Structures are given as structure tokens and as C-alpha cells.
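Here chain A shows up in two complexes: once beside chain B, once beside chain C.
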Partner chain A sequence: MAGAGRILLLAGPVLWVAGANVAPLVEMARISLLDLYPAAPGHAARYGLESYAAFLDSAIYRASFLHSLVLSAVITVLALLMTYPLAYLIAIRSPARHGARYLLLLIAPFWTSEIVRAFAIMLLLSNHGALNGALRWLGITEAPLPLLYDQFSVGFGMLYAVLLAMLLPLYAALVRLPGELLDAAANVGAGPWSRLVRVTLPLTRDGIAAGCALVFLTSLGAFAMPALLGGAGTTLFSMTIGSLFASSAGRWPLGAAFGLILLVSGLAVAAAITRLAPPHRAMMT
Partner chain B sequence: MSDIRIAGDRSTVTRRALLRAGAAAGLAAPAVLRASRADAGAVLNVTAYDGFIPPAFRQQFEQQTGIEVRVRLASSQAPELNLLVAERPSPLTDICTVTGNRIHQFFDAEVIEPLDAERLRNWSRIDPLYINADWLAVDRAIMAVPLLLGAEVLVYNTQQVTPPPDSWGAMFNPRYKGRTAYVIEDFLQCTMLYQGADGTFAAYVDHPAAAQRAVNAARDRLIREKPQVLKFYDDGAVLQQLLVNDDVVLAQTYAGTVSRLILAGKPIRFVIPREGSISFVYNFAVVKNAPNRDNAYRFLDALLAYPGIGDALTRSAGYASTFTDAGASLTALERQAFLLTPDQLKRIRFASYRAQKLNSSLIDRAVEEVNAG
Partner chain C sequence: MRGDADMRGRHAALRVFYWGAVVWLFLPLALIAVMSVTGSSFVGFPIERVTMRWYGDMLRDAEFLRAFLYSCGAAAGSTVLALAAGLWTALAISALRSTSLRATLFCAACLPIVTPGIVSAISLRIFIRLLGLDPGYMAIVLGHAIHAAPLVVIMLVLRLRTMPTEQVEAARTLGAHPARAFLDVTLPWLAPAIAGAAVLALLESFDDFLRSFFLGGYQPTLPVLIYGRLFSGLSPEINAIATVVLLLTISIGFAGERLFRRAQPA
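Let's turn to the complex of A and B:
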């Protein structure tokens, strides 16, 4: 009886994961093999690998894909460099009772929609925006600087969008760091830099790996931020995929194939990141 | 068996009872969800572009008929068609928006059905030019109710673009490098016109190779001139933002997109360039197997009968209407913002419905290549 109850309780989550995550992917994989979708009435479906071959054949699509990979890697590194000191301050340097409050303050903006945040950044960076206004007020510039619709604005927006994905794993790793270890290192003469490189960083490698994997995957699939903040020269692969699904010429198979290529590539890189930085559980316990 | 006690309650909830309650809730869910189904009672589901149902008309219709009008917003034809195709044969919408050049495509895809024209009175309020248009009928059966006229225009900032442009070529003028914007799909066809090709595709119905060459030439031009453009946009609101912030000073768009800015006194005007522009008529069609077909006809009939509907549509959607009394109640500024002059009207050309399939297959592919290139 207890076994049956357990199965019933498990059934919900399992069905949810299968229905909401696995089923759409399976359907996308099926569509990626079709010759046409949505198909006209009476069209006999034909399966093949043409959509995957189209990716390999097209230098334009491959360039867009590489652009996404490189930008995601850059965003990941920048996010790590910018967020690690912040997470360190909150987890290690601030009093324990305040840490959660600081974290909450940083998380609060993310309760709003990504679209709203993108438009807020547009207002900030526009010709008549706050940043250009401040630069002119300070006499640094006379004419507004073009800050929108280029790589800078895309990077700015995406970096902001992925902040949380990096901050939370880093905070979780840093907050578990035993303070005695840092004290012991200091007692034997290790300076701040030495403590950071030889104690703190190695012991938070699992948080770094998790944050980097999450940020890389999030950046790779980002759509709203680059679509709103980007310009004609900043098209990412996710936007190319989006345009294929907006086509009425039956281009969904190409979009589905490209989507799966992006997913598999992203997962492979994420797996490599976590493999490069395995957790040091033995030292933590 | 373990029990779960709820604080402050004398009842005891056993695990079995909890599971039973969960199962019951699961079984009851469809009944609860059914309340919001597409065919639930006195409702009408309309897939329309922003402003295509004037608020005052909608309010009056709902009050007089008791039918709740539910609007699903669309912003362009291709995604709307994809959605309707995915929903067939049990659609979630009763009336959809279809442009004249796409009527045959929507019909062939089995997402719209011929109108029962006898059920609609007041056809005479629509300009015969549109009622008698060949794109409106399939096998002589009228397919939709023409409402608004959309025309692609070249919009410019009067203070920064001098003299006023009269050619699509202005978009390639180095003086405006990085200060232009366009919808790739639409500007590709404008570029075809600029390059002397037939952007309506009418000339290519039986000549797909020639069409491919013309599209490729326009595509290559746009890829080559990419530094000229600041932003590819899809949403009119984004273009409005670009113009208001002086990010762009020249753009391809639809006449209605910038009407609000002109009314607000911004230094924005539009022209139809001498090479011509592609135009089409927005229509309401009844969806095939519409769950509330009777309500759809009541809605369309009431729309045609509503006093001043043409100008009401123009004010809410921003486009010139297809009604015979179009513009009668508009102010001089509204006429400037919404309507095309007789000289401009002479320059417009309607997109060919006969070539729509060819158009979609070539243009969509070129759009992806310009976007990614």
C-alpha cells in the first residue's frame, strides 16, 4: 500500500517532466526530420536529414552559430569575473544575518519580466537616456554616444540577464566555505591573494562550474535581450531559429534541427565545464 | 497508516484521503478548464492586429448581444497562419485577420472558409474597388470582409533628411549610414522595386527562375549594405521608439505605424517613393470549423452596420479604411497622418495573390540569409 502511494505521488512530477520537457523535445526532433512543416493539406510527410545537412552546407548559418558560441563564452567569463567578488562579499564578508537580505535585493529586479528589463535598458542607453544625459551633464561628451543596437548593448543586456544564474551557485558554494580553513591559512602566513588562489577558489570550484554551465546555456538560448537590444549586425543563432519558426513557407524542420544542434552543443560545453572543474567534496567535509 | 493533521481543524486527513482528493481534483480539472474553452457560451474569438476592433464598437456589440469578444493579438501574417494551421481542424478562433494577397494561401491551407455573404447586410458601405477585387474571391465566393488598406511607405525625419526623399534609394545613401531601419521581409520587396524588378511577384507567376534571380539580387544588396541599417525590426512600437529617440532618421514601414507620431507633432512624414510600394488590404475572414460561427456572422454584420466604422477603424488601427465614406470625419491633421493622397495612391501596387506561394518560399529564405548574413 505504501509502495502504491509512493508511486502515485511520484507519478505527478514524472508526468510533468515527461510532458513539459521531454515530449516537446521529442516532437521537435521528429519535426526536424520532416521535409515540410506545417504541411499543406494532403502533403505526404517525408523524413530525412536535409535540415541538418543545410546547417553544414551554409556558411551563413555556421557563422551565426559560432557568433553565439563565442558571445556566450565571453558573457560567461565576464559574468564570473563580475559576480565572484559580489558573491564573496555577501557570503563571506557581510554578517550572516544580512547576507540573505543583500541577496534578496539583488534578486528583486528579476521578479519583473525580461521584456520589461530589456526596455528599461533601452531607456538607459538610448540617445536621450540616463547614461548619455549624465555624460553630457558632466561635459564628457557633446553629442550622445551610440550605445544601443550593437554588440555593447547586447552584451550589457545579456550580462545583466544572466547575473542571477551565476550569483546563486557562487553564493551557495562560498557560504559553505569553512571559515576555519581561511583562518588556518592566514595563521601559516598565507596572504589574501594566496588564500584566494590556494583555498577559496579550489574549494568553490563546484559553484564556479555550476554557475558557468548555467550562464553559458542561458546565454546560448537568449532571445528577448538580443532581439530588443541588438542591431542589424548582432544576429544570434537563437534569433535565426526564431525567424525560421515565423516563416509560413514550412521552415519549421530547419528551425527544429538548428534548435537541437544548439541544445546538444550547449549541453556538450556545459558537460565539459563541469568536467574541468569537479567538486572537491573531500576537502569540504 | 500515518495521518496528516491540519492545525486548527478537528478532522483527520489520511494519506489515502489525500490521494483520493488529488485524484478527484485531477478528474475535475477538465471540467474547470472547460469553462474557458473556445466554444464556451456567448463568446467570440477574434485573431486581430492591434486596433482592428474599435473599442467603442466592441463595447456596443458586447452590450447589445451579450457576446463576449475575446481578442488574440497577431502582428504578422506568417506566424498567424502557422498558428491557425497548427490548430486545425478544431480551431480556437472564429474570425482571423488575413491580407488580400494571403487569402488564397489561407484557403488552400484550410484555415478559412468562404463567407455566407447573404448573412451580411451593408456590403454597399465598402468601396466596390475592393469588393470586386479578384483576390477577394475563390471560385467567385467572397472570402472575407475588406477593412483597411496597408501601404509600405518611406518614413523620414523632416529635420534631418533634406531634401525629402522620393526613392527607396535614400535608404542606401551613405549620409544616413547606421540610421535606417526596416522589416527585412518587406524591404526586400521594396528593394526589388528599386532595382527595377517586380516586387509584387505578379510578373513571376510562371517564371520562378526569374523571381529567384530578382530576390537574390535584392538579398545580396541588403547583405552588402548591412552597415547602412541600425536595426531590423518586426514590431511597429520598436520603430516608434527608434524615431522618437533619433536613433534612425529613415525607415521602411507601413503608413499606420507612424501616424501616432505625426499626430503628436513629431517631425516625421512619409512618402510613397517613385518606384512604387507594395500594398494590401486587411480583411476579416471566418475560420473554417469556427466554434462560434453564428457569433462571427453577427459580429461582422454589426461591424458593417456601425455608423462611421471606416474612420473609427482608421483612428484605432492607423490605416486608411476601405469604406466609401473613408476620411469623412477626420481632421486635416488626421488625414495627413492616416490617409494617402491621390498622387500617392497612384504609386501603390497590390501584392499578387497568385504568386504568394512563390513569394513566401523565396522571400522567407532570403530573410533568414539577410538576418544571419
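Let's turn to the complex of A and C:
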């Protein structure tokens, strides 16, 4: 292709990616180093590491950060355990046509808003909700069980929110797995357990890694689910960060620093996960 | 091996697990629709009588109607922007000959997918201040477009990889201008993927809460309005609103999926 046309073809995307995807994160990193932002009139901005020091100094901030990491790890493991059998059934043990329909049925709930799904869980778990109603009707409980606004409801809601991010990579990896391979393993006497551990799991490692990395990052950044379904004892780092932007001005540098801490630690964990199993390169080559 | 009784037993267990998961995903959503037609003035069970009263309230609720139209406007604007940016990026990615450059541009284009939601929202809030943009419609459109563009890129790159390149080369050999070859060959080939990506981008924007919450001005989008009402105590009208959002988004999703699948070559 002609040089000028080629440059024009590349210029738009490079500008878009640098301006829209990279610049907001760079600006966030810059703000995190300021002492005051948005700056008061007559105040000369000063750069420093105070916001990061504030994070290290505060037991409350560190606790909510740690809470987010642990919860996201738990959600990731639960999502993997729950989704792998589903993806396996759809991708391998269903005729192609049915498989597509089975997959669609699991995807459909994710077309609606996270807020609507959070509300749905409130209706399920509240004191007057469906679950408590059913338990009382069956005579199992007398008084309503407090199921909402605690760790349980936050975990329940986040698992409900991230399932799709696990399902799609696992499905993509499993559907590539040649069925003859499993048949061959069976023919040489490999039992179901041995086929799973020695053939299916190793060959879908890249899907597992991609799903886990994606779910971990999604869980770290979740805001609406914990805000609506959580209570006093369940403050996540995402909510801490959000509150620094919602409240009075002047806390933006702190919020930006916390955002960068969350982003870098999330990407580091995601990179470690994908290092264990390099993702499928087909998209990029 | 398929006659193996043990195998069938395990598959039956898998199937039960699958349908259990479907119920787990859909039951809470069905609850919203059920609650939207109950007569009791608080959200709860058991249900005593059926009424359409809350739908009537919803249709007279100017705040809801404004938020709905605002959300539609934001979805339309951000989808157009995301399609333009995504199409251009996908074309550039598939035109690059160097593998490492292609991988770099692709990864950079997909960065918003791996940015945790809250980080995306606050970095965009900081970014619009740098641009001199006040929170409001333009900020929301930009934020939603940035979030949706990677989906467009992925769908179009996948579609471009299966394009029979001989056709473009033939058009070029026959003396077609690159723009002509693009309009007559490449664009029709991409059309179903563009339609599918457009539906996804529309839904991403219409459903989005996080970015709208941090980038919005006084006028809330529909998810932000619902969020606010969930905090200010539950009026049963919220069930009607959520039911409408639920049915609308799931129908759009199914319609988009059909559109995309029908247009695929067999």
C-alpha cells in the first residue's frame, strides 16, 4: 500500500488508542502525585508521594485493599469451579447446534444491566424476599434469616456478575479441543478422571488462565454489586476509591493513587496467572 | 463408549447442574417481573393480587421518561463513536505486516477490557477534566465509546481474518481505487460483524452504571436513576422500571444475536 495511505490508516487508531485508552491512566498517575487537585486558586501544585504514604500509614485503607484482593481471589476460584462443568457440557458433550443454544441461555442474563441484576438479588435475599418467604412457607425458619448486606450477599452478587467473563474464555478453549483426542484417550484405557486431569485440563489451560485473569480484574473493579448488596462490614477498595471522588474536592490525588495501586496489583496478579499458562496467541498473530 | 451407562450418568449429572445454573441465573430476574405486578405496596412475599398500577405510575413518571430518553441518546452517540474508532483500528491491525506491531496495537486497543471498572470510571472522570469537559452527555458518550470500542475491534478483527483476500486483490488488480475496493468488498464482508458489534455497544452503554455514575451531570441515565431509587427506599414502581429495562435489553440481545448469526456464512 502507498506510504501516505498507510500512515493515514495507522494515524487514527494510534491517536485513538493513545488518547482514549492510555492517556486517562497516565493522567490518573500524574494526579496521584499531586498534593492538591483540583487545585485551589492561588495554590501552586506540588508533586510528591504523600498519597502513597497515606495508603501505607492507614490500617483502614490497607484492610479494605486486602479485603478486595482476598474476595476477588475467592470469587475467581468459585467462578472457575462453577463454570468449568458448564462450559465442558456445552462445548464438548452437546451436539454443536444444541451447544450454541445452551450457551446463549447462559449469556442472555448478562445482556441486562448490572444494576438490574443487583436489584434482582436484593429481591431474592431480603427479609421479605423470595428465599426467606420460601423458607418460612416450608416451615424451616420462623423469623427471616438476615441474608442481605453482608459478605454472603456481596459474594453471591459478585459471582452472579462475573460468570460470563469466565464462561466465554473457557468455552472458547474447550470448543477448540478435538473430540477425537478424548476418544483416543478413552481407547487406550484412560478413565474419565484421568482424561480430565491429563488431557482436558492441560489442553484448556490457556482458557482457564484467561478466564481467571479476567474475573479477578472484574471482581477487583466491581462497584455497584458491593455498594448495593454490602453492609457496614464489607467495604471494598473500589468503594473506598469511589467515595474519594464522590465527596468533597481535594481527595482526588488520594483516589487516583488508590486507583493506580488497584490497577497495578490487579494487572500483576493477572500477569502471574497468564504466565502459568500463556494465552492463545491466535488473535494477535 | 457413548453406550457406557456410567458416562450417561455423569452427563445426566452435568445436565442437572446446567439447568440448576440456568434457574440460578434467571430466577432472581423473574422475581422482578413477578413483583412488578403485585398489589402490595412494599416489596415482598407472599403475593396477594395482581395489578398493573406500577406500570401506570411509571408511564406518568417524568423523571423516568427523561432518564430513559437520555440513556437512549447516550447509547446512540457512543455506539457511533465506538464503531468508527473500532472499525478504523481493526482495519489498521489487519493491515499491519509485523506480528509484534499487530500484537502491540491489538493489546493497546483492548486495554479498557482489562482495566477494573472503578479504575476505568475514575480515570475517565480525571481525563474529562483534562479535556475541559464538564460531567454530562458528552462525557458519558466518550466514556461509553472508550469502553465499547475494544468489543468492536475484537469482533471486526475476527471477521477480517476470515475474509477471502483474493477478492480485494482482484478488485485492486482490476484497477479499483483502494476506497472503492474497501466500499465494495471489505465493508459488505464486515457488515454482519458491524451489526453485531453495534448491538453489543448499544447494550454496553444502555446498561452501564459505573461510568455514567462518575461522568454524569444532574441528569441521570436510567441505571443511575434506578441505583438512586434503590437507596432511597423501595417503591414498587421500581419493579416496573426494572422489568422494562430487563425485557428491553434481553430482547435487543437476542435480536442482535439472530442478526449476527443469520448473516454468517454457513
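To be clear about the criterion, the second predicted complex is superposed on the first by the 272 of 285 C-alpha atoms of A that agree within 3 Å, B and C clash if a C-alpha of one lies under 4 Å from a C-alpha of the other, contacts with A are read in each partner's own complex, and residues count from 1 in each chain.
To be clear about the criterion, a contact is a pair of C-beta atoms (placed from the backbone, for glycine too) under 8 Å apart; a residue touches a chain by one contact, two chains touch by 3 or more.
Treat the numbers as computed from the prediction; the structure is a model and nothing was measured.
> Give one of first, second, both or neither to describe whether A:Ser64 is in contact with chain B, with chain C, with both, or with none.
In the superposition, A:Ser64 contacts chain B only.
> Contact-wise, after the overlay, does A:Pro38 reach chain B, chain C, both or neither (first, second, both, neither)?
The answer is both, since A:Pro38 touches chain B and chain C.
> One more residue to check, A:Gly5. First (chain B), second (chain C), both or neither?
both
> A:Ser194 in the overlay: touching chain B, chain C, both, or neither? Say first, second, both or neither.
A:Ser194 contacts neither chain B nor chain C.
> Check the residue A:Thr141 against both partner chains and state whether it touches chain B (first), chain C (second), both, or neither.
A:Thr141: touches no partner chain.
> Scan A:Gly266 for contacts with chain B and chain C and give back first, second, both or neither.
second
> Figure out whether A:Ser126 sits in contact with chain B (first) or chain C (second), or with both, or with neither.
Both: A:Ser126 reaches chain B and chain C.
> Return first, second, both or neither, reflecting whether A:Ser113 touches chain B, chain C, both chains, or no partner chain.
second
> When the two structures are laid over each other on chain A, which of chain B and chain C touches more residues of chain A?
Of chain B and chain C, the partner in contact with more residues of chain A is C.
> Does any part of chain A touch chain B in one structure and chain C in the other, and if so which residues?
After superposing on chain A, chain A residues 1, 5, 9, 12, 38, 122, 126, 128-129, 228, 245, 252 contact both chain B and chain C.
> Can you list the residues on chain C that touch chain A in the complex?
1, 6-7, 10-11, 14-15, 17-18, 21-22, 25-29, 31-32, 35, 42-46, 85, 88-89, 91-93, 95-96, 99, 102-103, 105-109, 111-127, 129-130, 142, 145-146, 149, 154, 157-158, 178, 203, 206-210, 213-214, 222-223, 226-227, 230, 238, 242, 245-246, 249-250, 252-254, 257
> Looking at the complex, which residues from chain B come into contact with chain A?
Touch list, chain B to chain A: 1, 15-16, 19, 22, 76-79, 81-82, 85-86, 105, 108-110, 178, 226-227, 229-232, 238, 241, 245-247, 360-361, 364-365, 367-369, 371-373.
> Give the list of chain A residues in touch with chain C in this complex.
1, 5-6, 9-10, 12-14, 16-18, 20-25, 27-28, 31, 38, 82, 85-86, 88-90, 93, 102, 104-109, 111-124, 126, 128-130, 132-133, 137, 160, 163, 183, 186-187, 192, 213-214, 217-218, 220-224, 228, 238, 241-242, 245, 252, 255-256, 259-260, 262-263, 266-267, 270, 281, 283-285
> Can you list the residues on chain A that touch chain B in the complex?
For this pair, the touching residues of chain A are 1, 5, 8-9, 12, 38, 40-41, 60-61, 63-64, 122, 126-129, 146, 148-149, 228, 230-233, 235, 239-240, 243-249, 251-252.
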